[in-house]
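Heads up: the structure comes next, in structure tokens.
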Amino acid sequence: MQWFSAMMPGIRRNIDLAWTRNEIAARVASDIPSGWVVNIGVGIPTLVPEFIPNEREVLFQSENGILGMVELGPQESPDPELVDAGKRPIAVRPGGCFFESSLSFSMIRGGHIDLGVVGALQISRAGDIANWRTDEKMIGGIGGAADVCSGVRNLWVAMLHTTDIGEHKLLEKCSYPLTAAGVVDRVYSDLAVLERNGDDWHVISLAPGVTVAQARRVTGFPIEVEGR
Amino acid sequence: MSYVRDAITIAIGGFGGAGFPEELVSALEKRGCRDLVIVSNNASRFENLINSGAVSRIICSFPFGGASVTLRKSIEDAGVELQLIPQGTLSECLRAAGSGLGGVLTRVGLGTSFAKDHQVVNVDGTDFLVEPPLTADLAFVHAERADRWGNLSMRGTARNFNLVMAMAAATTVAEANQVVELGQISPDRCDVPGIFVDAVVQCNDARDSKEY
Amino acid sequence: MQWFSAMMPGIRRNIDLAWTRNEIAARVASDIPSGWVVNIGVGIPTLVPEFIPNEREVLFQSENGILGMVELGPQESPDPELVDAGKRPIAVRPGGCFFESSLSFSMIRGGHIDLGVVGALQISRAGDIANWRTDEKMIGGIGGAADVCSGVRNLWVAMLHTTDIGEHKLLEKCSYPLTAAGVVDRVYSDLAVLERNGDDWHVISLAPGVTVAQARRVTGFPIEVEGR
Amino acid sequence: MSYVRDAITIAIGGFGGAGFPEELVSALEKRGCRDLVIVSNNASRFENLINSGAVSRIICSFPFGGASVTLRKSIEDAGVELQLIPQGTLSECLRAAGSGLGGVLTRVGLGTSFAKDHQVVNVDGTDFLVEPPLTADLAFVHAERADRWGNLSMRGTARNFNLVMAMAAATTVAEANQVVELGQISPDRCDVPGIFVDAVVQCNDARDSKEY
């Protein structure tokens, strides 16, 4: 486990200088253009919709068969037959629609979804993503993640840059079972926004107070910064 | 429950609780069974069946959330085999079985452990996994409304796997909150045509029936 | 064209003794059990539904997306958006439903249709069926016939026993392009009802006034009759 | 008609006249084009396009009835290539293209001329033809109602190929008898989700609009 040696308590101590989970979600939201259809995974991604301003029309698709999903209003009573992929009660906005599973995955696999925003356990330099595991810390299962990661036009990962104990999550190769290979376009972490082009990654922006040297130390592959 | 036998494969609709045939599954628990293969998107609603030793294998995409410690233990204690299939492949393989197709050609899973032991076919220069069709002996599905020909309509996100499971199974039993006269389900608003459904039962406890 | 030699004006002269097109359709109808779902092709098959008594529940499926198709009533005005596979205006009975093409062929290909009744140009001993051609007498095209003939649980052919000029239509091998191979279960002609079991055919019934010898003379493969 | 270019593939919905995008096709005739590949179940509504020399190939299942002598002559005179595909394969290959699948595994056509030049795959002991996905650059579809996000609903048998063509095409244009506000198409009654539709035009002559 070579990446255990890369623990970096220094960054964890400076957590107040990095982006919070909400700030990561807000940053993702600010990059989503009007008119896009977006599939949202569990974890930090679930926070993204609330940061989309009302005037910007972004449609959220959920794999269990809804397009135009919105949060349940405070006055609305939950309907057990109307849930999102995380089984939470939700509502549908005017212009939304329901459909069955195979059509839902036709949308996802067929490239009709502009963007997927997912969490991840590990990301490799080649854009492989691992977001489930079968060991004793088993997190759920594969669900629709393989289809989403393989099928959407753009795949952005929203996650903390390292694990709770400081292990690298951005690695030369993933050690967990892959969800999909060579699919990640961007990573939005608490420290930086990174974009992939083949095996090359460059920094789009850094969280306030985070230095290039710090970001490099917690990233298992080279990252380029414009002008440095 | 006269369709149920030991060692059959039962496809059970629903995504979490939405569109889940709760009363049929409850009746299945009461009946008692051995060596069932369950096909369902999740495993979390089969804890009673698993604990009673009725289940030998579960084919699903997302067995349970990370917090389901007791379910995890039940599955291990009962020696239940868990077979994970990506959700889109699961639904498409059920559809293929119900559509007389020989399987599904997908790129989902290529380069991952899901490609293990799979035949690969190259179509016009691109590789695809061949995922075989997934059939069932029996399907249990849930609907808001049903008529005596088996036409079903759902509300909200309750459609989910119910259509493809009804298609894939040799015999399909539907439970419905309301059983209505022929013609009361609009021909434009039939989510599962009756041709895919063999029997309909009225729910005793139509707890989630809403204005519709 | 070996089968040209098999013209048999004798039968054509005795046509008043054989079954009419309506009688063929009525005979097919009388063999359809209650509760069956049936796909009906063009030609004599289109006559079948009117011979199903009202009390017998038979559902007619049409490949263009309707289950529970019925004839338009005399008082009903035709709807251009509601037609059968022959593009004729129709109606839907209570309990019928509409669907799109791919689901329609899931029904057909997936073995959910109990019976297909189709016309044919040629039938072979092995149960091959040819019901279209590309030559100068091109009749339509393949349409949904290949799917219907391959996919239904039972395939019955309703047709005249020979062509207008007396050529055999029941042959050792078809000369026209095949619609599907090894699929025909029964033939209902103006002369006889025949059933296939592998390469063996037996006569279920003969039209009034038709002798076994006459039926054998116009059939290009051996046919067995119980007790003869 | 700004989506139209010479030599593109256009998938055109409808089965006979039902669900046929008559006004879009009429506009296409007026625009003038060369070398179009038309994908449609029938060919009989493209006589004007064919006579004007706009069409190089038609992919369909049933070009015309036996009585269509003039259409047959038009096709021959214009040197249009007719490519016949069984109707279920046609719809499924369009769906596969729109679903990110590598093709269709079907037994329809095995042992016939439709199997010519096809790859055959054996799945669990049974042979299937591999039918490649059928994509289009543009689709024209017809709906009874549409909203500005492209959600469509049809009536009667007008759904037919309109869903799979909207799915298969890079760009889909829908004509509708009524263009309604968002929310006026019930989320339970949307036959073609707007995600598959890029532009909506109101029919000038909504001749077949009925109480609905």
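So that you can tell them apart, the chains are marked A, B, C and D in the order they are listed, and the count of residues begins at 1 in each.
The definition used in the following text is that a contact is a pair of C-beta atoms (placed from the backbone, for glycine too) under 8 Å apart; a residue touches a chain by one contact, two chains touch by 3 or more.
Worth saying up front: this structure is predicted, and the values here are computed from it rather than measured.
Look at the CA centroids: the one farthest from the centroid of subunit D belongs to A.
Chain centres here are Cα averages; for subunit C and subunit D they lie 28 Å apart. Note on chain placement: the centre of subunit B and the centre of subunit D lie 32 Å apart, centres being C-alpha means. The centroid of the Cα atoms in subunit A and the matching centroid in subunit C are 57 Å apart. Contacts with at least two other chains are made by residues 66, 92, 98-99, 105, 108-109, 151 of subunit A.
Among the residues of subunit D, those touching two or more other chains are numbered 92, 95, 99-101, 106-107, 155, 188. Applying the touch definition to all chain combinations yields A-B, A-D, B-C, B-D, C-D. For subunit A in complex with subunit D, the touching residues are 37, 59, 61, 66-68, 92, 94-99, 103, 105-113, 151.
Against subunit A, in their complex, subunit B makes its touches with residues 15-19, 41, 60-66, 72, 84-89, 91-92, 94-95, 106-114, 144, 154-164, 191, 208, 210.
Within the complex formed with subunit C, the subunit B residues making contact are 95, 97-101, 147-149, 151, 167, 181-183, 185, 187-188, 190, 193-196. Those residues of subunit C that touch subunit D in the shared complex are 62-66, 79-83, 85, 87, 92, 98-102, 104-105, 108-109, 128, 134, 137-147, 150-151, 177-182. Note for the complex: subunit B touches subunit D at residues 92, 96, 99-107, 119, 121, 123-124, 126, 128, 130, 132-133, 153-155, 188-189.
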